[in-house]
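Look at the two complexes coming up: subunit A is in both, with subunit B in one and subunit C in the other.
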Partner chain A sequence: MKVLMPALAAATALVSPSLAMARPVTFEATLKNYGGNGAYVALYVTDAAGKYRGTLWMAGGKAKYHRHLSDWQRLSGGAAAEIDGITGASIGSGKTLKITADLADAMIDAGYQVRVDTAVEDGMDNPSDVVVPLSTGSAGKPASGKGYVKSFAVSF
Partner chain B sequence: MYKHFFVGAALLLSATTAGLAITAAAGESGFLTPERHARNTNFETTGQRGRPIVLASESREHDRHSDRLAKRDRHHDDDDDQEEDEDGGRGMMPQNSPASPAAPVPDNGLFNGASRPKVQVQ
Partner chain C sequence: MLRRIHSLPGLFLALLLAVIAGTGTVLSIDTALDRATLPTIERGANVAALAEAVAARHGSVDKIVHRPTGAVTVTYSDGDINGVELVDPATGAGLGPYQTSEFTRFMTDLHRSLLAGDAGRAASGIGAATMLVLTVSGLWLLARRLGGWWALLRPIRGMAAQRWHSELGRCAVVGLMLSSLTGLWMSAGTFGLIPEGNMAEPAFTVSGGPPAPVGTLAALRAVDVADLRELTLPAPDDRTDTYALRTSAGEVRIDAATGVTLAFTPTPLAERIQAVVVMLHTGRGAWMLGLLLGLSAACVPAFAVTGAVIWWRRRSGRPRIASSVAARSADTVILVGSEGNATWGFATTLHTALTAAGHRVHIAAMSELAPVHTSAERMLILTSTYGDGAAPASAKGFLDRLAALDATVPVAVLGFGDRTFPQFCGYAQEVSAALDRKGWPRLLPLKRVDRQSTQEFAQWGRDLGAVLGHDLVLDHVTTHPKTTELELVEREDYGAAVGAPVTILRFRTPGAGARSQTGRLPGFEPGDLVGIVPPGSPMPRFYSLASSSRDGVLEICVRLREGGLCSTFLHGLEPGGRIDAFIRENPSFRPAVGRTPLILIGAGAGIGPLAGFVRANAAGRPVHLYWGGRSPSSDFLYEHELAMHLAEKRLTTLNTAFSRMPDGGAYVQDRVAADAPRLRELIRHGAQVLVCGGRDMAQAVTHTLEAVVRPLGLDLATLKSNGRYVEDVY
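For the complex of A and B:
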C-alpha cells in the first residue's frame, strides 16, 4: 500500500499534462445529394506554409482510387502506411461524416488548415473541395465546398 | 478428321483467352480516366496505350462497340470491388469502422499519440 500510493501519484503526474495539452475537435462534413456512388473523402491537415502535416480520416478503402484525391495524394505522397488505421467506408450521397479527434492544443490558432478532398466514381475529382482554418474564430461556422461537400464545420 | 477438330478448338480457345486478357488489361479504374472520359464524351482523341484514334464521325457500330467495351470494363471493375471488399457489400466497405481496427494509430502528431478518432456517418 505504501508503494502503491506514490506510484499512483507519479503516474497521475505524468499523464495529466498530456491530457491537458489535447482537446477534442469535431469535424462535420455533409455531402450534397449528388445521387452517385459513395464519395471518397480525405480529411487532412496542412500547416501555415501549406505543408502536409497528417491525415485525420480517409473515407474510401481502395488504395487505387486514392490518387483521385489529388491534393491529398500530391501533398502526402500517398501515405499508405499512415492511413492504415484511419480508413473507413466511402460516404454516400447526402450523408454526413462526423469525426471527433483529440488534437494538440498547439495546433489550434497556429495557422493550421483542415482540407477536404473528394472524388466519386464516374464523377468529379475535387482537390481541396473545402479548406477551413483550425482556429477558434472559425469554430462552428459551416463553410461551403466547391464540389461534393455541401457544408463543413470544425467545432471545439 | 479429329485432328482438324482439335486444332480448330485450340485456336478458338487461344483467341478467346487473348481477347479476355486484352479486355482485362483495358479496365484499370472505375473513376474517369482521360481515356474513358474521351470515350464517354466522344471527342476526337489521340490513341493512348496503343489504342487507335477515335473520331466523333466514325460509324454508329463503333459507338456500340465502345459501349460494349465500357460495360465490360465496368463489370471487370465490379469484380475488383468484390475481391477487395471482403467485409462489405458490393463496392462498399462497412460504415463507421476503420479498415484495420488492429492497426496502430498513426504517429503523425495529430492524435496526441493515443486515441483513434471517433467516426460517425449519418
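For the complex of A and C:
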C-alpha cells in the first residue's frame, strides 16, 4: 500500500521565488519490510560542499525523537523552524512515502544531493540511509539504501 | 460517594483496564525472560576495549548502546548494509542480529496505545489515571469496611466475590499504585506535559587531526561497560565529528584524534527522573520488581469480574427507588439498616407514602450516613438487628460515622426484630442510645416491630403522621425474592420417640430425574439459608442448608415446632410434595479457607449445615464435630453418614452427647468442657469454631468456650471479630 502525500511546497530555501523558474520534483521512498514500529524519515538537501540547504519532509511528529536522525540533526541544527509545516506521520514497515515539491531549476544538475535519514524505535538509526544526486541523469532510477530504505527515486 | 467513585469508573473502563493490565503482565514476563537469556554485564570491561573489538569486525560502527533491558547492541555499517547486532558485553563478540520480536512489539503497542496511535495513547493515559483512582478509593473502602487503617490486614469476610475482590486488592494495591503512577507520568511525558529540561552543550573546538584507534582513547578506557548508556562513534569521513559518550551522569564529547574530553553536558534532572520512572514501570533493570508489578496487574481482570458481580448483587438486591431525591435537596432522609432486604422493603413503603404526602425524601443505607444528611428537616432510621445485637450489613460503620458528625437533626428510630430473642432489636436500641448521647432531638420514641408485623409498622406510620401533621398510611406488603418451585424427593424422620420430631428433607427441581444432576437448582453452599414460603403466609421462614448445589439436592434438617406454620407444613410433606423457596447467602457462617482445623459444635437440627461442611471436606482438613441429641436410638441424625465420613477422613473426631440416657445424660457443652485441653490446643493453632443450633445451647457453649480460651489470653469477642468464632443461631 502506498501512502500518498499531497503535493507540497518545501522549505523556503529550496523553492524558487517564481514558479516559472521552478519545476515539480517527485520523491518516492519505499521502506523495507523491517517489521517494527513506524520509521522516522527525514528528506533533506545538501549542496555541492555538503552544506545543509533545507528539509523537504519530516515523517514522524515527536521532536524528541528527531535526534535519532543524526545526520539531519547535525547538518540542520535540528531546529523546529526547519520542519514547521512539513511534518507528517511516521512511515510504517514496507510503506511508501511520496512527496512532490517545486524546486528551483538552479538546483538541478548543480551538485546538490537529496539525503534520507531513517530511524526506528528499538531498531537502527540510519544517518544518510540513502543519498541521491539531484541530476537529470539519475532521474527516475531507484537507489537502494543501507538501512530501512528499500528504494528511493527522484523524478522530474 | 466513595463507593460510586470506585464502582462507576471501574465498570465503564473494566475492559480497557483489563487489556492494559493483561498486556502489562505479559510484558513483565517478557522482560524477565529477556533478563534470563541476555549475557549479564560484569564490571571490569571498559568501553574502549569493547568498541575496539566491535570495530575490528565491521566496516564502520555507528553506535554502541547499553539498553535498559540489559542488552548491549551495536549499530554498524558494512559497505552497503546497515545492521544492529547483539554483542557480548565482555568480549564484544557478535551474538546475532538484534530485533525486538513481533510479539513483544504487538504487546507493547497494545499496552501503550491500544494499536490506535495517539488517540490510543490518550486512552491508555486515562486508563492509568483511572487505575490510580480505583486503587486509592479501593484501599479507602477496604479500610472502612475492615474498621480502620490499622485493621487492613484483618481477615475479610463476605460473599465469595467480595472476599476475592478485597483479598486480591490488598495484595495488589501497592503494585498497581506504582504502575499507574509511573504510567501516568510516562503518558504525560508522551504528550509533552512534562518539561524535558534541555541542557545546552558547552562550545568546544575539535583538533581535526587524524583519528586515533578507538582502543587507545583514554576517556573511553576510563568508563566501565556497566556504566555505559550509549556511545556514538564519529562519522568515518568527517574529521570535525567527535565521540559522544552517554552515561547516567551525562554526555561527554571526546576528540577522535587526541582522546581528550572536549565537553561535558550533565543529564537534566527531568531525564534522570524519567529514567527512574521508566525503570519502575517496565521493570527493565529491575526485573523482579517488574514481575511483582506484573503479578499485581494480573489481578485486574479478576477485579473487573468480581467487581461487576458485587455491583450487580448490590444493585439487584436493593429495591429500586426511582423517586429518591438528592440528599442536599431532601426534607426527609430515610436511612436503612438491612441484612437481607426485608427492611429495605419497609423503607420503600415509607418512602412512597411520604413522597405521596408531598415530602422530598432521600433514602440511603445507614452505612452511607454523611454530613449532608443533617441538612434535612428530619431523619427516619429503620434498622434490623444482625445476630445478637450486631449491625446488619447495610448499617456497618454507622455508629463511627455518627460519632464523627457535629450537627443534629430530629430523628425517629424504628427497629425490626424478633421478640423471642433476648436482645429484641438490640442494634436499634444501641443506635437509639447513641443518638441520645449525641443529643439528637426525637420525633418519636424508639419503636420496635416484631417479626415484620405490618400492623405495628402501620401504627408507627400513624404516630409519625401525627407528628408531621398529616395522615400517613403505611400499607406494607411483604415481598421476598423470586422463588423456585422444588419437589421433595426423600425424607428421613427421627426423634418422634423422644418428643422432638426432626426430619431431614431432600429437594430437587421438579421433573429432574435422578440422572440429571443439579437440574436448575440455584447456587448455594452448606450454611447458606433457604427461605421457604409456607402456604397461607407471605412471610418466608429460613432454614440452614446442609448441602451444596453441587450435590444436586437441597437438603435441610427441620425440627417440628409446636404451632409452627412452616415446620408443620414441611413435616406433613410427602415425597412429590412441592415448596416455594429461594436462597439467601450466609457468607459469615462458612469455614475459613485453608487447612486450619475446624471445630463444629451443634445440637439437634443444628447439625444440618455442620454435616454439610463435613461432607464438603474432600481435602481432609482436620474437622472435629461435637453434637448433642436426646437419645442415640431415636434422634441420632446423620449417624451412618458421619460414620462413613470418619472412615473417609472427612471427619477427624466425633463427640456426641445425649441428654435422655439412663445415667442422666449429658449436653454438648459438657463434651466441650471435658475436651477443654484439646480444644485449647486446636484454637492455639488457629482453629475456627462454628456453632449451629438453638439459642440456649449456643449460650451454654459460649460460656464453656470462654473458659476454654481464657488461658490463651483470648476471649470470644476477639475470636468473633476475627471470624474464628461464628454461629448460626435460631
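Keep in mind that, in the parts below, the second predicted complex is superposed on the first by the 139 of 156 C-alpha atoms of A that agree within 3 Å, B and C clash if a C-alpha of one lies under 4 Å from a C-alpha of the other, contacts with A are read in each partner's own complex, and residues count from 1 in each chain.
One rule holds in what follows: a residue touches a chain if its C-beta (ideal position, glycine included) is under 8 Å from a C-beta of that chain, and two chains touch if they have at least 3 such contacts.
Every value quoted in this text rests on a predicted model; they were computed, and no experiment measured them.
After overlaying the two complexes on the shared chain, residue contacts for A:P127 are found with subunit C alone; subunit B is out of touch. In the overlay built on the shared chain, the residue A:D102 is in contact with subunit B alone; subunit C does not reach it.
When the two structures are aligned on the shared chain, A:K64 is found in touch with subunit B and with subunit C.
Which of subunit B and subunit C touches more residues of subunit A is settled by the count: it is B.
Once the two complexes are laid over each other on the shared chain, residue contacts for A:G35 go to subunit C alone; subunit B is not touched.
Look at A:T87: by the touch rule set out above, it reaches subunit B but stays clear of subunit C. Once the two complexes are overlaid on the shared chain, A:G54 sits against subunit B while remaining clear of subunit C.
Of the two partner chains, neither subunit B nor subunit C is touched by A:A143. Residues 37, 62, 64, 122-123, 125 of subunit A lie at the contact with subunit B in one complex and at the contact with subunit C in the other. The residues of subunit A lying in touch with subunit B in their complex are 18, 21-22, 37-38, 45, 53-57, 60-62, 64-65, 68, 81-92, 95-104, 107, 119, 121-123, 125.
Residues of subunit A touching subunit C in their complex: 35-37, 62, 64, 70-71, 74, 122-127, 129, 144, 146-147. Contact residues on subunit B toward subunit A in their complex (touch as defined above): 29-32, 81, 84-85, 88, 91-101, 103-106, 108-112, 114-122. Of all residues in subunit C, those touching subunit A in their complex are 62-63, 75, 77, 80-84, 99-100, 102, 105, 109, 190, 196, 232, 235, 241.
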